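Structures incoming, each one as C-alpha cells.
Two complexes are shown next, each including chain A; its partner changes from chain B in the first to chain C in the second.
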Partner chain A sequence: MDFAFGQLAVLGSSLVLLCGLTLLWRRGSAAHIGAFAAQSVALAATVGLIAGFTGSRELWIVAALFLGLKGIVMPILLKRMERRFGRPRELDPYVNTATSLVIGGLLVVLAYIVIWPILDVSRLPTRAGMPLAMGLIFVSLFVIISRKKALTQVIGFLALENGIALLAALGTYGIPFIVEVGVFLDALMGFLVMQIVIYRIQETFESIDVEQLNRLSQ
Partner chain B sequence: MRLTYVALVGAPLAAALLAAVVRPYRSWVGTAGALLSTLSLAAGLRLAGQGLGGVPPTWGPSELMRVDALSALLAVCVTFVAALAAWLGPGLGRDEHYTPAQARRYRTFSSLFAFTMLIAVTANNVAVMWVAVEATTIASALLIPLHVSKASVEASWKYILIGSVGIALAFVGTVLGYFDYVHMAGERESALNWTSLMAAAPSMHPRVMALAFVFIVIGYGTKAGLAPMHTWLPDAHAEAPAPLSAMMSGVLLAVALYAIIRWKVVVGLTVGSTLPDRLLLVLGLASLAVAALSLIGQRQYKRLLAYSSIEHTGLMCVGLGLGPLGTFAALLHLVNHAVAKGMMFLLSGRILDRYHTTGMGEVSGLLRAMPVTGGLFAAGMLALAGLPPFGIFFSKFALLRAGFVTGHPWLMAVVLVLLLVAVIAMLAQINRMLYGALPEGIRVGESHRWGLVPLALCVVLLVAFGFGGFGALQSLLDRAVEVISR
Partner chain C sequence: MPVLKVYLVALAQTTLALILAPGLVGLIRWFKARLQNRSGAPAWQPYLELRKLFAKEVVVSRSASWLFRAVPFVVFASTVAVAFLVPMLAVPLPFDSVGDLLVVVYLLLLGTFFLALAGLDPGSAFGGMGSSREMTVAALSEPTVALAIFALALSAGSTNLGQIVARTMADPATAVSPGYLLAFGALFVVTLAENGRLPVDNPATHLELTMIHEAMILEYSGRYLALIEWAAWLKVLLFFSLLGNLFVPWGVATALTPGALCWAGTTLLAKLVALAVVLAVFETRVAKLRLFRVPELLAVSFVLAVLAITVSFLAR
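Up next, the complex of A and B:
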C-alpha cells in the first residue's frame, strides 16, 4: 500500500514537472496557459492523493484551493489578459527551444544532485518525488529568466509557486494550515498586482515585450 | 504590554483602512494617518524600553508573535521612518502635485506597507514572517508608479517580478527547514516558531539546513538588495515617490536583512558559524564592490542614494559575518542608515519638487535656492560618507575593528578601499549641486517650512548617535546582539 502510494505520488509529481517543461518547448501564450492549468490540476490531484492516504482534512481543503484557484480562476484571468493583448505569438526567447530543453533537462539532473543527499532525512513514501519538485522550481526560474514576454514570466512565476507547494506536500504532507492560508492570500494578491502592472505596461508601452523595458539601464 | 503591541501594529492598519474607506479623500485622513503613525512610533519605543529586561513577551495562538530586543530595535526603526514618511508624504492638503486619488492610494498603501513590515519583525513564526515580507512587496509595488510614466511602470514591474521570485526562493528555504524539523521532532503548530527551531537546531541535519540557508540568503538577499540580486533596487528607489523611497531604502532592506539574521542564528547552531559567515561575507563584499563601482560617475542624485543603499546593506552584511563585535556594528549601522537614508530621500523629494529633474548636472545653487534643505542634504551626504561626528563614522569604525579583531585584515583592507571609492564618488559631485549659479526660473526660498523640522531632527539624531548618545539605544543593541550570538 505504502509502495503504491509512493509510486502514485511520484507519477503525479512527474506530470506536474512535465507541464513545467512544456513551457519551454511550446510557443504561444494559449499553450502556456493550458500547460499551467494542467499543471495545477495535476498538483491538486497529487495533494488530493496525499490527503486521501493520510486522511488529513486540511490537505483536502488545500487540494480544493489549488484546483479552484490555480486550476480554474487564474487560467481564466490569464486568458482574459491574453485576449486583451491580442497578440498570441511568442517572441523569440533569449534561448532557443532546443537549447532550452537541454538546459531544462540539466536543471532536473541538478535538482537530483541537490536533493538526493538529504532524502534519507525523511521516511515518508512520497519523498522520492521531491527532486522532481525541486526540478520544477529550477525550470520555472529558467523560464522567468529566458523568456521576454511579461505574461510568460508571470506563468513561470506561478509554476515556481506550484513547485514549492509540491515540495512541501511531498516532503512534509503540507505546511501548517494557518501558514498555507497566508501563502494562498499572498499568491492571489501578488498575482492580481502583477496583472495590474502588466496592464499598466501595456497602456504606457503599447506592448508587453519586456525587451522594451530598458530605459533604466545605468 | 498587549495593548502597546496592538497600538504598534494596529495603528498603521487603522490608518490604511481609514484612507481606503473615506471617499472622496479629505486631507484630515492624511493628518489622522500621520498621528496614528506617531502613536505606532510611541508604542514601538515603549516596547523597546520594556523589552530590555526579562522574558520577551509573546501573543497569539502558539506564541505566534514575539517581541525580543532585536524585534523591538527593528520595530522602532520601521515606525520612525514610517512616521517621517507619513508627516512629510502627500495627502496632507498642501500638494499641488498629487490628485486626491493619488493621495488616497499613497495613504492606503504606505500604511499597509508599514503594517506588513511591523508584522514581519514581530512574528515568532518564520513562515508568518515570510508571508509578511512577501506582503511588503505587494503593498509597495503599486505605489512606485504613483505618477505613471514609462520609467516608473518599468521599475514597478522589475521590482514585483524580481522581488516575488526572490521571496519564493526564501520560501523554499523555509519549507526545507520545516522538512528537517518535522522529521526530527514531529508535526505541531509551533514547529515553525523561531523559538522551537532554536531549541531543536543543535540536533537538526547540517546538510538540510545548509541547503535551506543558501535558499534563504539568496531569497531574502534579493529583497535586501544584495548583489548580484540587486538589479531591481536602483530603479525602484529612484522612480518611487520620495517618501516611499525613504521607507524602502531606510527600513525595507533592513527588514529583509532581519529575516536573514533570524535564520542565521538557527542555521549557525546546526552547521556551525563558518558557512553562514562566509556566505554573508561574500555577498556583502560583492554588494560593496558593485555599489562602489556604480557610484562612480552616477549622474542622478536619487540613483546615487539608491546605490549608496546597496553599499550600506552590503556593509551590514559583512558585519553580520564577523561575530558578535561585527554584529553589534552592523546593527548600529542599520539604525544610523535608517535615519540617514529616510531623511535623504525625503530631502531629495524636496529638491525634485523645486528643480523638476533628478539629474545632478542640472541641479546647482541648492544652498541659494533652499538654504536649509541644501544644508541638511550636505550634512546627510557627509553622514552617509561616514565622516565624524556622525554616527555612521562610528559604526563603520566598529565594523572595521571587528574585522581586524576576528583575523580578517586583508578582507578589511578591501572593504576600506571600496568604502573610500564610494565616499569619493559621492562627495565629488555634491559641491556642484550646492554651489554654482542658480538655473533660470528656479524660485528662491523654502516652501513647507515646518516640514524641515523632522528632517533637522534626523541630523540631530545622527550626531547624537555619533557621540554615543542614548544609553538606552546602547543597551538595546547589546541585548539584540545577545539574541543573535547565543
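Up next, the complex of A and C:
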C-alpha cells in the first residue's frame, strides 16, 4: 500500500514537472496557458492523493483551492489577457528551444543532486517525488529568465509557485493551513499586480516584449 | 529436443512478424482513412502491393553502382535480424546470448545508414536531400532509443531485452513507475521519427518537398522497392512490439507450451491493434512539423529519456 502510494505520488509529480517542461517546448501563449492549467490539475490531484492517504482535511481544502483557482480561474484570466493583446506574436527566446529543453533536463538532474541529502533523512513514502518538485522550481526559474514575453514570464512564475506547493506537500504532507493560504494569496496578489503591470507595458510600448523595458533607462 | 524447440519458436516468431507487418501498416492506413471520413483501402492492401511489386521488372539508373543493388538486401536482412532479437512471443529468447539492446539499436542504424547511401548513389537531387534529412533525424533519435531502453535496463539489471521483459513480469509494480512511463513517452516519439510517421515525415505521399523516407527510395522499383517497403513495415511492427512488450509485458509466454504461445500470440495481436489505433488517432490529430522544428521534438523525447534514466537510477 505504502509502495503503491509512493509510486502514484511520484507519478503525479512527474506529470506536474512534464507540464513545466512543456513551457520550454511550445511557443504559443495558448499552449502555455493549457500546460499551466494541466499542471495545476495534476498538482491538485497529487495533493488530493496525499490528502486521501493521510486523511488530512486541510489538505483536501488546499487541493480544492488549487483545482478551482489555479486549474480554472487563473487560466481563464490568462486567456482573457492573451485575447486583449491580440494575436500572440512569436518572440524568439534568449535560448533556443532545443537547447533550453536540454538545459531543463540538466536542471532536473541538478535538483536530484541538491535534494539528495534530504532524501537520506526523509522516511516518507512520497520522498522520491521531491527532486521532481525541486526540478520544476529550477525549470520555472529558467523559463522566467530565458523568455522575453511578459505573459510567458508570468506563467513561469505561477509554475514556480506550483513547484513550491508540490515540494511542501510531498516533503511534509502540507505546511500549516494558515501558511499555505498565506503563500497562496501572496502568489495570487503577485499575479494580479503582474497583470496590471503587463497592461501598462502593453500600453506604453504596444508590445509585451520585456526587452522594450530597456528603453526606459535611455 | 528442447533446444530445437526454442529455435523453432524464434523462427516462428520472425516468420509471424514478416507476415503480420504489411497487415499492420494496412490496418493503420485503414483506421486513418476511417477517421478522416474516407472509405480507405482494405487492411490487406499492402499484401497486394507486395505481390504487384515482386512481379514488376526492376529499372535501375545507369549511374547507379553495385551499392544500389545491394542495399535492399542489407536493409531487409538487418531488419529481419532484429526480428530475431526482439521479444515478441516468448522469453527468454535463444538469441538473447547473441545480441542485446545495443545490437538491436545498431542493426537498425545499419539499415538506415545503407538506405541513406542508396539515396545518394544514383545522384538524384531528391535522394541526396532525403539522405541528409534521414541522417539528421537518425543522429538525434538513435541515442534516445538506447537511453529509453537503458532506463528499463537499469531497473532490470540487464541490457538483455528478454531479461527486461521477464523482470517486469516478475515485478508488476515497476510497470507504473514514472521511469517506465517517461521511457514509454520517449520511445513513442522516437517510433514516430524512426518510422517516418506523421509529425516528422508524411508516410502517405511522396509528393511533398519535405519528404524523408520516400525521397531516399524514389529511385527504387520492382522487387527492390518491395524489399525496402517490407523492411520498413517490419520496422514499424518491431517498434510496436518493443513498446507493447517492454512496457506491458503481460501475455508473453515464459514456458513453451502450446497454450501459452497461443495466448502470447493473441495478446501480441491485441497490443499491436491497440497501438495502431493510438497511432492513427495521433496522426490524424497532429500536423506535420516544419523540418527545422523536428530537432525540437526529438530534444523533447531525449529529455524524457534522460529524465527516465534519472528517475530510475537516482530514486531507487
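Everything below uses one rule, namely that the second predicted complex is superposed on the first by the 214 of 218 C-alpha atoms of A that agree within 3 Å, B and C clash if a C-alpha of one lies under 4 Å from a C-alpha of the other, contacts with A are read in each partner's own complex, and residues count from 1 in each chain.
Heads up, the rule we're going with is that contacts are C-beta pairs under 8 Å (C-beta built on N, C-alpha and C of every residue); 3 or more make two chains touch, one makes a residue touch a chain.
Given the structure is predicted, the values throughout are model-derived calculations rather than measurements.
After the alignment on chain A, I want to confirm one thing: do chain B and chain C clash, or do they fit together?
In the arrangement built by aligning on chain A, the partners chain C and chain B fit side by side.
Touching A:176, do we find chain B (first), chain C (second), both, or neither?
first
Just checking: does A:73 make contact with chain B only, chain C only, both, or neither of them? Give me first, second, both or neither.
The answer is neither, since A:73 touches no partner chain.
Could you figure out whether chain B or chain C reaches more residues of chain A?
Here the partner covering more residues of chain A is B.
In the superposed arrangement, which partner chain does A:98 touch: chain B (first), chain C (second), both, or neither?
So A:98 only meets chain C here.
Counting only touches as set out at the top, which of chain B and chain C does A:153 meet: first, second, both, neither?
In the superposition, A:153 contacts chain B only.
With chain A at the apex, figure out the C-alpha centre angle toward chain B and chain C and round it to a multiple of 10 degrees.
150
Contacts for A:186 in the overlay, against chain B (first) and chain C (second): which applies, first, second, both or neither?
It touches chain B, and chain C stays clear.
Output check: A:14 vs chain B and chain C. Expected answer is one of first, second, both, neither. What do you get?
Second partner only.
Report for A:128: first if it touches chain B alone, second if chain C alone, otherwise both or neither.
In the superposed model, A:128 contacts chain C only, not chain B.
Please indicate which partner A:168 is in contact with in the superposed arrangement: first for chain B, second for chain C, both, or neither.
First partner only, chain B.
Is A:110 in contact with chain B, with chain C, with both, or with neither (first, second, both, neither)?
Neither partner.
Closest pair of CA atoms, one in chain B and one in chain C, after superposing: how far apart in Å?
18
Would you tell me the residues on chain A in contact with chain B in one complex that are also in contact with chain C in the other?
On chain A, no residue contacts both chain B in one structure and chain C in the other.
Which residues, counting only chain A, touch chain B once they are in their complex?
For this pair, the touching residues of chain A are 114, 117-118, 121-123, 137, 141, 144, 150, 153, 157, 160-161, 164, 167-168, 171-173, 175-176, 178-179, 182-183, 185-186, 189-190, 193-194, 196-198, 200-201, 203-205, 210, 213, 215-216, 218.
Hey, which residues of chain B end up touching chain A in the complex?
Those in contact with chain A are residues 125, 127-128, 131, 134-135, 137-138, 141-142, 145, 148-151, 153-158, 160-161, 164-165, 168, 171-172, 175-176, 178-180, 182-183, 187, 189, 191-192, 205, 207-208, 211, 234-235, 238-239, 298-299, 303.
What residues on chain A touch chain C, complex-wise?
These residues of chain A touch chain C: 3-4, 7-8, 10-11, 13-14, 17-18, 21, 25, 97-98, 101-102, 104-105, 108-109, 112, 116, 119, 128, 131-132.
Which positions of chain C touch chain A when the two form their complex?
173, 176-178, 181-182, 295-296, 299-300, 302-304, 306-307, 310-311, 314-315
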